[in-house]
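Across the two complexes that follow, subunit A remains constant while its partner is subunit B and subsequently subunit C.
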Partner chain A sequence: MPIDLSSPGGATLALLPELVLTFWALVVLMYVAWHHRDGHDMRTAGGLSIVGYIFAAAATAWLAWRGARPEGLSFMIALDGFRFASDALLLWIAAAVAILSVRWLIRQGILAPEYYPMLMLATVGMMLLAGAADLITLFLGLEVMSISVYVLAGFDRTRRASAEAALKYFLIGAFASGFLLYGIALTYGATGQFNFDLIGAQFAATPPTLMAKLGMGLILVGFAFKIAAVPFHAWAPDVYEGAPTPITAFMASGVKAAAFLALVRVLAEVFPALVDLWRPVIFGLAAITILVGNLTALSQTSMKRMLAYSAIAHAGYLLLAVWAHSDEGTAAVLIYLLAYSVTIVAAFGILASIERAGARTVRLTDLEGLFSVRPFASIGLSICMLSLLGFPGTFGFIGKWYLLSAALRAGQTTLPVIAMVGSAISIGYYLPVVLAMTLKPARTRQAHQTIRFPRPARIAVGICVFAILLLGVWPNTVLNFATQTAVQLRQSELPIGPR
Partner chain B sequence: MAALLAAIGYEHWIIHVLLALPILAMPVILFAPARAARYIAFVVALMEMVLGIGLWWAFDPTRSGMQFVTDVTWMSRFGIGYRVGIDGLSLLLVLLSVIMLPLVVWGSWRGIDQKQRGFYALIMALNTGMLGVFVATDLFLFYMFWEMLLIPMYFMIGIWGSANRIYAATKFVIYTFVGSFMMLVAIIWMVAVVGKATGQYSFAYDNLLDHANLLRPWGGWLFTAFALAFAVKVPLFPFHTWLPDAHTEAPTAGSVDLAVILLKMGTYGFLRFAIPFFPMFALSKTTGMVIATLSVIGIVYAALVAMVQPDLKRLIAYSSVSHLGFVMLGIWGSTVESVQGAIMVMVSHGLSTGALFFMIGMLYERRHTRKIADYGGLARVTPLLATAFVITAFSSIGLPGLNGFVGEFLVLLGSFGRYPWLVAIAATVVVFSAAYMLWSTQRVFFNRLTNPLNEGIGDLNLRELAVIGPLIAAMIWVGLYPAPLLRRTEGAARHYVEMVTPALPPAALPDPGAQP
Partner chain C sequence: MVQLVWLAVAFPLFGAVANALLAIRRPAAKTAVSIIGVGVLAGAFVVAVGVFNALVHDPRPSVPVVLWHWMPVSERLSIDFAFRVDHLSAIMLLVITGVGGLIHLFSVGYMRSDPGYARYFAYLNLFIVFMLVLVLGASLPVSFIGWEGVGLCSYLLIGFWYEIDANSDAGKKAFLANRIGDFGVLVAMFLLWWHLGTLDFVGITMRAGAVFPIGSSAALLIALALFLGCTGKSAQIPLYVWLPDAMAGPTPVSALIHAATMVTAGVFLVVRTASVFALAPVSLEVVAVVGALTAFVAASIGLRQYDIKKVLAYSTVSQLGYMFLGVGTGAFASGIFHLITHAFFKALLFLGAGSVIHALHHAFHHAHSDADAQDMRNMGGLRRWMPWTFSLMLVATLAISGVPPFSGFFSKDEILGAAFARGTQHPIYLVCWALALGAALMTAFYMARLLAMTFLGRFRGGDKAAEYLHDAPWTMTGPLVVLGLLSVLGGVINLPHFVGGTGWLERWLAPVTETARMTMTPLPEVEGASALLLISLAVAAAAVGLIGGWWVTSRATILTPAQSPEEHGFWRAVYHKYYVDELYQKVFVNPTVWLSRRVLWQTVDAFLVDRLGVGGTARLAEGLGWLGSRLQNGQVAFYVTMFAVGAVLILRTLVR
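Let's turn to the complex of A and B:
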């Protein structure tokens, strides 16, 4: 179904998933304007928001099923397999986080149902960011996402750590946006274009000027902040630790996924001609991110902080596939993000249930002896740790396998070795979690008795853990999807000359 | 027998059944009543053994390639398949694994008195993993089994082990895991290189072996990555420190499985993957000298360390390092005799060390100590146990007429041409091993019965006899009449040697087996 993106009707059709979600966010907002008193209102708002994600996913599926593609140039928003796959990934993460939040917020006494519309708007921003075909759309998506997430990070506003997280995230985020905006401005200055394809075509035709190179550099810096690559990572641990736990899961999986998907698209469509210039940058970022993330994670005692540093390390692994700059690399990014998000949602879902109101950070020592009281939760968390570690039989292993394979097939041998050294280090902080839960005895007899697993979280986590195991041995369906449909990025050999 | 097996289509389903049966038994064991767990486990183990033992007849010793082959597409996008098969290199190890299973279950009958369901479920998982490593002919599948084994072993040591168990379990996992990380990169790298050259991305063993010459430019790196993983598992001399801890702290079943099967995975890996893929590098003069020297250092050093161990289990653990050094020496000897000898040492080390660990476990169940000094004069109260122990000790030393002799003799004979000096040094270990085995046997079973606690110990009961008996019988049989075993390994060994011979530097002395 060819869609003319320059006509109002075509643009509306192309933006259908985002529009549906925005509309639904407004509906939920209207509902909570009158119903924001008690837990029942919270639950209803949460349920309504999940319906919104399902509608948006249906709209995406419809577009994908009709084979929507742009007629002529794709203005503003992309219409390709990669966008549909990205939308599906981001919507699933948002819905899972909403499910995890429902009971958690009530238990923590955060009775503000505006949480759910914010989460939906953040998702709209993420979808725009990942689907942007224009630097302005890219920035718009980034800001919609970021502003919503600033609010969400500080949602537990009576708690100091949460307020601190929000402020830190806001300051650093604003800084990163500034870099990105300046980079966009310089790129525009060098080419006179905002559209990805047109810029790409121009770079392919004429050698890029110094201004364009600077623009690319600043855009990369902006992205590096968002994906928390070393040395632009310093905000991540504090923000991850301070934010409400479901939001930490959202940031670690969703926000990072959106930024990575946009990065892949920008590098493949805007800057493919400058590949020799950005590859060394990605190489350096990947190497240092993997090593610093893993080494720092070793010394953490707080679970959320440990997972924050491990998230940094995982961003480093993902950069391997970005370096590969191939269809395989693109598919590997998608697969790894799916594997990572499934694992992170399950892990944070379990951690959120272990948290008690009041004493909020779960420490490694708090998990001791969990197996004897909550065997299923500790088996689930162990499987998550193994998946993060990349242990065979889990989906995380398939993801890691694909990343290594993409990089190696692109002729890169140093980065995979560094990545595996990083993984070898990471056993030093993933294994103690398993060890504490299963092999160590509980500290006191009353330990873990207060843990309650609300049913929605239990179901969501159960599905995730099952998916980790199932996709670990039978990933064919998602692999085929990722390699056949999802990698259809519009590469810039389009018959469009610079204007 | 062979005709009967052919009639039931044995060769088509046997490997899958052997792999699936223990895994399917796991949930049954986990959800059965706690008292029934060990009975279910034992029945499953017996079924596994009865089914598996048919391989002995179904295997055709005249063919050198893989038999019982299956090749099913699994992850087509990656070129990964469920590919399994057995040849002369793996046959005896597969048989050893299935025969050990019921013995291990029965041997844990009394020793494991808590959390039985979990324990027997882990034994089942461990068995599938071990079999999988030996039958996998797809590198992805191999790596998967190789790593997945760690989980049951980790929990087996960590939950049912003795005092220092958490330390030992963690050390075991970290050593093995870190060692095999680079192997993963190497596997994917190999496929990327071969795939780029031939256009066919496949993790099949045969495919990679056929195009091994394409890997030559990176042979050094790739071999090092593989060798690191396998050397930790063997364990080759400087990488062996995890082994005494893991063996000592593990429960009897864990020690037996470690000694009998897990250690062989390393040497098997060298024979199956590391050397055939990169013969030019693996068997070059320098690499060969380094590895043979490390093996001989391991042989002698471990024997000397074993001599001064106060703990029986630790003593046997060090003796394992020493024996596995013989296997490595035999592999690098690269003659038909030495390779066959290496396989024979693997088998006979499995039989004798397995039996020793069982008997130490039995002693421990009676006295709750493993210190040699706490025993003495047991022969008077437990004559059967003492007899069995002495026979096994002799077999471990390598007394002619028992199994240990056959393999070690073949290794020394076959490797002499290539490493005359090293073989000469390795041969001296016969003295040391006699010293540590006989000395400890004497202190435990002979001498005076001074400790009054030792007077009330009961002798072997029927169950224990049934565990030890078959092992002793096998030791004597293999020692007196090893021909059937040698016949089944000869084809594979010959094939292997023919494959790697072009890469060999000239031997120091002419091959004694070579035809003029």
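Let's turn to the complex of A and C:
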């Protein structure tokens, strides 16, 4: 189904998922304007928001099913399999986070149902970011996402840590946005274009000027901030720890996924001709991110902080596939993001259920003896840790395997070695979690008695854990899908113009 | 129907999962556990009968059942998770689910009062799953899953009462002996893949003949490596030592795993890979000699044991030796035949012993006696209280001793006959035959001794305990009756020609071992007078042994363990199992422990790796991590500075 993106009707059609979700966010906002008193209103708002994700997913599926593709140039927004796959990934993460939030917010006494429209708008931003075909759309999506997430990070505003996290995130985020915007401006100055394909065509035809190089560098800095690559990572542990736990899950999986998807698209469509220039940057970022993330995670005692540093390390692993700059690399990014998000949602879902109302974050020692009281929760968390570690038989292993093989096929051998060293270090902080739960006795007899694992969260976590195991031994369908999708990203590079 | 064979595995798998969940959540729900645990076996047996029936009417002798593509390693090596239903696996399927089902039913009564009831059934169901995977596997890797899995379940069930150290030690011993054997199977697998490029059983059978010439050293190496695995799993010399200790597990486990099914896996594997063995005649001689020696040595140890289960354990080792002698002579069908009849009468013997132990344990418990419920010196005269158990044990004794027309007579006679016939070509088999005949004599002797000490004479456990003795409930005697019938009639499946039979089993298994038999020189027929003489010798051995055992035992005064004096001379060595365990301890275990403790642990691991390697690395990593944390001082200004430095570095990289 060819769509003329320059016509208003065509643009509406192409933006259908985002529009549906925005509209529904407004509907939910209208609802909560009148109903924001008690837990029931919170639950209704949460349920409504999940319906919105389902509608948006249906719109995405419809576009994908009709084979929507741009008539002529990709104008402002991309229309290809990669965008649809990105949208599906982001929508499932948002929906899972909404499910995990429902009871958690009530238990923590955060009775502000505006949370859910905010989460939906953040998702709209993520979808725009990942689907942008134009630097303006890219920036728009990034800002919609970022501002929503600043608010969400500080949503537990009575807690100092949450407010501090939001402020810190906002300050450094604004700083990073400045870099990105300046990068966009310089790129525009160098090429006179905003459109990805047109810029790409120009770079392919003429060697880059100093202005173009600076523009690309600043854009990369902006992305490095969003994916929390070292040395642009410093905000992440503080913000992850202070933010409400479901939002931490959202940032670690959703925001990072959106940024990575956009980075892959930008590098594939805007800067493919400059690959020899940007590869060393990615190389350096990946190496230092893997090492610093894993090493710093070792000395953490708070679970959320540990997972924050581990999230940094995983961003480093993902950069391997970005470096590869190939179909395999793109497919590996998709697979890894799915594996990582499934795992991280399950892990944070379990951690959220262990948190007591208003208490400090869960420490490693708080997990001791969990197995004897909550065998299934601790088995689930153990599986998550093994998946993050990349243990064979889990989805995390499949993901890591494809990252490494993508990098190796692209001729990179140093980074895989660094990644393996990083993985080996990561045993030192993932396994103690398993050991604490299973081998150590509980500190007190009353330990773990306050754990509440509400049914929706239990189901969501159960599905995630099952998916980790199932896709760990039977990944064929997902692999095939990711491979086919990755090819589409490359095909959309060449609508017109010289190469 | 044949394609539905996966159901036979799925049923017990469901049972294992369900019972495991019950064991975690509701250990007290014993009725549910019983229904699930026995029900899934009944379901599996129905499937087995259906599959068998379908195969009888199927023109193909062997049907592949591919479940999913398992390891697509490369273009050349792609292993499917597939089953192969052929005449061999179908009949094993029947035996495992049938005998297994009866033993599950027996366990309901035997284990009822145990707090770990649900856990027990979870393990037992899981064992059936792995055992079926072992026999149904279409390729070595798939069968190896089952091979390892049954070892795991065996370990778990031997150490089922893990609170007692000796039990978990016995489990470890079994596991270690099996691991040594498994190493052999792995080596064989790599060699087969290296030489033949396939691990599928059909592929191995088809290609082995083309690749290996007869008597080639590669085929010999593979066959011996496989046989090493068999000696571990099937408790043959030199790895038999774990099986007697394995009696630490619950008695139904001994019946199921350590008599009827798992320990016969080695015999099964030799028949499965018969084509490789046939290409290396020396390997078959090794199999036969080891089998005959094991049969003889184990039977002699059985003569002087007092623990009722130990006697049966050595008897099992000895009978497994017979099976290996059978397959070692190339009479593959005879080996499988003895495997089946042995499954019937040995399961019956173990379950009967279980009944006795159960009754005595109960009686001693109520009489506040701390006497050992397994020591035959504390038994005697139980015929009065346990008539059912006695008559069924008598049937099994006659069967194992080889008294016609009980099942054991036919299967044992076939093996002896085959060994003798092969002896006309190669004298070493004559030695094997003589050893086996001697073992038959001793088998009859120790079985008669067992019966006499347990059921005849007067009860030596004290009058107080005698008041509480009674026969077992029907869930326990019922399976015994069925097994008793099978022990009597089991010979029907392979009646020899001289009694008007047609040798059904031999014809049925013919397609499975066709390639192997075509490679080997055919077994010469022993006919006329000499055949008659052979049979008479076997029957005479059984009769002499039985009568001798009964006569010697019932005339001797049997003292309770406390009163018994130390054994002397040769019998002392027999009682202590020829000190083989002590020898292994000195020669293998102690040096290994010394090496691992002093050299590997204290020097290499603790000092070099831990202190210098891991410790050093960990300290280095921790130090770097600490440094990283220092950078994380919570100050936004500092973060922004880091950010800016990073940005400058990136731009510097790009613009040079």
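Everything that follows uses one rule, which is that the second predicted complex is superposed on the first by the 489 of 499 C-alpha atoms of A that agree within 3 Å, B and C clash if a C-alpha of one lies under 4 Å from a C-alpha of the other, contacts with A are read in each partner's own complex, and residues count from 1 in each chain.
To be clear about the criterion, a residue touches a chain if its C-beta (ideal position, glycine included) is under 8 Å from a C-beta of that chain, and two chains touch if they have at least 3 such contacts.
Every value quoted in this text rests on a predicted model; they were computed, and no experiment measured them.
Judged by the touch definition given at the top, the superposed model places A:72 against neither subunit B nor subunit C. Residue contacts after overlaying the shared chain place A:2 against neither subunit B nor subunit C.
Measured by the number of subunit A residues touched, the leading partner among subunit B and subunit C is C.
Judged by the touch definition given at the top, the superposed model places A:292 against subunit C, while subunit B stays out of reach.
When the two structures are aligned on the shared chain, A:189 is found in touch with neither subunit B nor subunit C. Contacts of A:375 after superposition: subunit C is touched, whereas subunit B is not reached.
In the superposed model, A:420 lies in contact with subunit B only, and not with subunit C. Of the two partner chains placed by superposition, only subunit B is touched by A:440; subunit C is not.
Contacts of subunit A with subunit B, set against its contacts with subunit C after fitting on chain A, overlap at residues 428.
Chain contact summary for the complex, subunit A toward subunit B: residues 386, 391-393, 401-402, 404-405, 408-409, 413, 416-417, 420-421, 423-424, 427-428, 431, 435, 438-440, 475-476, 479-480, 483.
Within the complex formed with subunit A, the subunit C residues making contact are 24, 68, 618, 621-622, 624-626, 628-629, 631-632, 634, 636, 638-640, 642-643, 645-647, 649-651, 653-655.
By the touch rule above, subunit B contacts subunit A in their complex via residues 74-78, 140, 143-144, 146-148, 151, 155, 158-159, 165-166, 169-170, 173-174, 177-178, 181-182, 184-185, 188-189, 191-192, 195-196. The residues of subunit A lying in touch with subunit C in their complex are 168, 171-172, 175-176, 179, 210, 213-214, 216-218, 220-221, 224-225, 230-232, 234-235, 237-238, 277-278, 280-281, 284-285, 292, 295-300, 375, 425, 428, 474.
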